[in-house]
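Shared between the two complexes below is chain A, which pairs with chain B and chain C, respectively.
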Partner chain A sequence: MPLGSVVFAFVVGALICLVTGANPIDAYAGLVCGGLGIGCTQGENPALQISNTIVFFIPLVTTGVAVALPFRAGLFNIGAEGQLLAGSVACAAIGIKFSTLPAPILLPMVLIGGMAAGAVWAGIAGVLKATVGAHEVVTTIMLNYVAQWLVRYLIIGGPLQLGPGTSKSVPIGEGARLATLLPADNSMIIFGLPASVYRVHTGLLISLLAAAVFAFLLWRTAFGYEIRAVGQSQKAARYAGVSVRRTIIVTMLIAGAFSGLAGAVQIAGVDHNLTDKYFSDTTGFDAIAVALLGLGSAVGIILAALLFGALHSGGAIMQSDAGISSNLVLVLQALILFSIAANFVGAIRRGLPFGGAPAALPPELPPAAVLMSEAAAPPPEK
Partner chain B sequence: MAQKRLRFLGVVVAAMVMAMACGGTSGGGTPTKTYKIGLVTDIGGLNDKSFNHLADLGLEKAKTDFKVQGDVKESKSGDDYIPNLTDFATKKYDLVIGVGFLMQEAVGTVSGQFPDVHFAIIDGAGTDSKGNDLKHPNVQSLYFKEQDAGAMVGVMAGWMQKNGKAKKNKHVIGAVGGISIPPVNHYIAGYKWAAKMEDPSIQVLIGYSNNFTDPAKCAGVAQSQINSGADVLFQVAGGCGLGVLQSAGKAGVYSIGVDADQKDADPSVIASALKKVDVATYTAIQNVVKGQFQGGALTFSIQNDGAGYSVDNFDVPAELKAELDKIQTQIKSGALTPPSDIPA
Partner chain C sequence: MSGLSDILHLLFTANLWQATLAAAVLLLLPALGGVISERSGVVNIAMEGMMLTGAFFGVVADLAWHNAWLATGVAVLAGALMATIHAVVSIQFRADQIVSGIAINIFAAGLTVFLVNRIYGLQDVGHVGPTEGLPYINVPGLDQIPFFGKVLFQQNVVVYMALVLLVLVHVILFRTRLGLRIRAVGEHPQAADTAGLNVYAIRYSSVITSGLLSGLAGAFLAIGVSNTFVPNMTDGRGYIALAAMIFGKWTPFGAFVACLIFGLGQAVYDNNSIIHVSPYLLSMLPYILTLVVLAGVVGRSTPPAADGLPYVPGSE
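Our next item is the complex of A and B:
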């Protein structure tokens, strides 16, 4: 199913190329070169391309997990972006305030701080859902805006602003930064380029660890069982003695912590300061596609994140090598998402992605109807 | 069309590169050398009808005048700046141009990694994460005296208020900035300064949308200025500012465009303050082709035709035209110097 979605997207993408008079083979050769470093003909450095892909891959895995976990509990976390921003803000704020502390103390502080901030951000939606029944789709979307405007305020005229006339924060202290895997050295030459151009950082290990924790939590712990039980049927779970409210709140807290971690790692590993690029960051939204495409499993999320990372880093190469606008990449992503969404209900019915609950949902119901009826439902009982 | 041409050019260049490789000569600078120019847009993209578009125009002009292969990468997000710049640098382009202030840190980083590659950046310098200019000798900063362009449209706005040629003539005009960053404030500084010079009783309302892309945000700021009596609105907010022009059109007052000639954006646009990014881009490429690349700042102003104004959907009275010419000459000669900071 997910593979079919990807193939569908690429076939339609090729048709779009043909219709607009471009050569789809050129386009995809550019994408493959830019994303995977394979078959480059115009002097691209394969190692650099792979490095770029991994840099995009890292936050997609962690936020992908943050979307997939609530999915398992039947919750739509559209707020991974806001939670990521909350984590970035906390990481930046702590990394700036305590910039003189040594790495062994400061680095855990910024990462845990980021997780805590993300958890709070998602927890608000979780508590509202569990107590007054406010639909998490609505609350998490709204909290995205709050986070975006908070970032804006903080770095434009707010307390973190670098200086008048700038739209970024003061850089975080050296101790708050995640090391790159290769030395950040302009004079050391590796694979024909200065070592500092390879920006892959130790956040890679953190994101893979996050995926592993996600899988372990879901399949090897009692709480993971409760999450899945609530996701399949709140009534049945309640009947079995699972506290639905508690499960919803804790699930959202954990999901938020993953997203917040992604944001903190992005600041600590790549940017080192909060910048205006976070106004238009879309990682948390791409994560929804990654979680869906990855069928909510850890391995699937990693593969899907790899695909999206490669598409991101390949788009620019496609544009300069094949002369095709990198907007095609956004079209491909949208097509993938579209074809998944179109198959969504069918997939649930067949019990493929989320453990399966054939009797829980009337199969003919379009997904939007499920959402709406859920939104209208009263808050869960204890 | 453009894509076909680009691909054709790519084939030609590839053939040339192969021919050169087969010849076994490694010494560059032969008379037949094709100069490779890489342009990296900021998140506005090529069709922003402004900055990135103008930079591309400069590149296209250079392609017709010199032996130049020009390639463009559009940045989809701030995450793309470093990979896009690095890719051109890796391929040993003769000049890598970053469009815009937002790319300063990325240019600072990449230019340090590739000291043999020449970089140019519109509206900024190669900086470290604290915003300090790293002064890499391989980076040329292309700055503009936006205050020159702002002053010319300020003269128009002020003159119209003083002589009762605007719509309401309450001696109130407005300026809507995107984010309060130096290039934006330079425009507003020149605008306010010149308007006050023309009409000492004028009140200049200044607001910021904190946004460069969403017209609705700027429309809100514009509306509140219109409600306060402003009848000439100057937008300094890129794509967001289109909302200013449209709001002015709806309210039946005048507006002024920015960066590029925006007369097609709305019938209310009477003039545009021009920042000739095309001239700057072209000049930077020309310098490289002629072997005259120099690190450091290059400033474009009314003096070297790198800044100015256009008259748009408006018939300028002869007296106003005379006044504009007079002020332009005085700025050109240095008799008048518009300030870079917004005057009180």
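Our next item is the complex of A and C:
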């Protein structure tokens, strides 16, 4: 089903290109070159393209996990973006304030600070859900925008601004930066380019570790069992002695910590300061597609994050080589989401006309919908 | 404090309230759409995308045909088309309505910029001429009333339309048989189905209506206020409208009050020279206020009972 959704999106995307007078073959060739480094015609360096894909891949895995974990508890965390921004802000603030500290002290500080900030951001939604039953979808949307405006405030006229007229923050200290995977050495030539050109950084290991922690937590710990129990039926979980409220709050805290970590790693590993790029960042929304396309499993999330990482990296090349706006990638992403949610592929395979599903068939619900209908109900008062 | 008295003075100027009403209407139209859609049981977080699509196609049509009304029609239809996608995916295919809503918003953001690039290349979209936007109309006679004349009767034509629509939506929802049906379908679709109502048809029309209204808001923004299109120009207004809907407890007038509060905040900021708060900090306020409302500080806000649940005929 996930693969079918991707194929569906690319077919419809090609139709949109054709209708608007763009050549879909050129478009997709640009995506493949930019994403995978294969079949490049304009002299792009394949290794550099793969490096770029991995740089996009890193935060997608960590935020994908942050969406997938609450899914298992029947919670829809569409606030990964806000939590990521909170993590970026905390990382930048700590990295600037204590910029003179050495790396062994400062690096853990910025990463843990980012996780804590993300956890607080998601925790607000978790507590509101568990105590007054406020729907986490709505609260996390609101928190996303609060975080977005906070970033704008901080770096335009606010305390982190580099200088008047700029829209970026002071860079973080050297000790707060994650090393690149390749030595930052201009004399060393790797795949035809100086090693320092490749931005792949050690955050890669952190994101893979996050995926492993997610899988372990979910399947090998008592708390993971509680998460899944709450996700399947709050009622049954309560009879089994699980505290539904505690599970909801702790799940959101952990999810927020993952997103916050993604934001901190992005600052520490790639950007080294908050910039106006973060206003229009969409990683936390891409993460929803990653989690759904990956069917909520660690391996699936990694594969889906690779796909979206490649699409983002490829979008830039598609725009420069084929003259087709990189926003086609957003269109493809939306189509993938539609297709997974509605299970278009299943409908096509059954050969049924539009919506002709006879009432006798069990409803074809996507995994998210089953979880959502549980999640929609506030926990009953004890 | 002279600052405080200056603010108080500002509150008694007609200019301020004129700006407040205009800002509120921009939020009211999508909020009304949200109320209708969610009252029928379909969660709608896609107003942002529908509004953005409306804004884009409104500008494209106005630049091509130099007729604001034709362009508004195109914008409204474009909003409705996006809503139809949301309806098909979430009603017919019983997809998760949140995922579908997110997908609509991403789709709109991507498609509009993709099309800007296809149609206008790398150039700017261009500006709609001053006489080709939606007109500001002074109602003869009434606009001479002290204070209220300026606030209520010297406005853009869309403001008048929105106020009529506000009353209309309220009357339809709470005073007519159709409204009873919409609410029945949103509270208990099984019972409504048993009573002979066509659940799908009512939900489809409600969702598409939300698209019409959001498209109109997009037209107001693009060819009434800004007179051009810039990527992501709605800038979260669809989500503030969502907040207003919740703030107003899923009622048209409740949502309007919330829109007025949010609009007043905007207008006070734009019209004063005393408060030196960052505009970015101020922009957080609608979202924070909504969180406070959701936290139950201002009373519980409960959605329609079947909001967000796909209807499966024959299910319990």
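Observations
Simple rule for what comes next: the second predicted complex is superposed on the first by the 338 of 382 C-alpha atoms of A that agree within 3 Å, B and C clash if a C-alpha of one lies under 4 Å from a C-alpha of the other, contacts with A are read in each partner's own complex, and residues count from 1 in each chain.
Quick note on the criterion: contacts are C-beta pairs under 8 Å (C-beta built on N, C-alpha and C of every residue); 3 or more make two chains touch, one makes a residue touch a chain.
Please read these numbers as outputs of a predicted model, since none were measured by experiment.
Look at A:F285: by the touch rule set out above, it reaches chain C but stays clear of chain B. When both complexes are overlaid on chain A, the residue A:Y145 reaches chain C alone and has no touch with chain B. Once the two complexes are overlaid on the shared chain, A:S325 sits against chain B and chain C alike.
By the touch criterion defined above, A:A22 reaches both chain B and chain C.
Shared-chain residue A:I156: touches chain B and chain C both. By the touch criterion defined above, A:F76 lies against chain C but remains apart from chain B after alignment on the C-alpha atoms of chain A. Judged by the touch definition given at the top, the superposed model places A:L48 against chain B, while chain C stays out of reach. In the superposition on chain A, contact of A:T221 is made with neither chain B nor chain C.
Chain A residues in contact with chain B (one complex) as well as with chain C (other complex) are 21-22, 152, 156-157, 280, 282, 324-325, 327, 329-330.
Residues 21-23, 26, 42-45, 48, 52, 55-56, 152, 156-157, 162-168, 170-171, 186, 193-194, 196-197, 199, 270, 272-273, 275-278, 280-282, 312-313, 315-317, 319-327, 329-330 of chain A are the ones that touch chain B when the two sit in their complex. By the touch rule above, chain A contacts chain C in their complex via residues 16, 20-22, 76, 78, 124, 128, 132, 134-135, 137-139, 141-143, 145-146, 148-150, 152-153, 156-158, 280, 282, 285, 288, 292, 324-325, 327-331, 333-335, 337-338, 340-344, 347, 354-355, 359, 363-366, 368-369, 372-373, 376.
On the chain C side of its complex with chain A, the touching residues are 45, 85, 88-90, 92-96, 98-100, 102-104, 106-107, 109-111, 113-118, 232, 236, 239, 242-243, 246, 278, 280-281, 283-284, 287-288, 290-291, 294-296, 300, 303, 307-310, 312-315. Interface of chain B with chain A (complex): residues 2-4, 6-7, 10, 14, 38, 43, 71-80, 82-84, 86-88, 90-92, 102, 105, 109-110, 112-114, 129-131, 179-182, 185, 210, 213.
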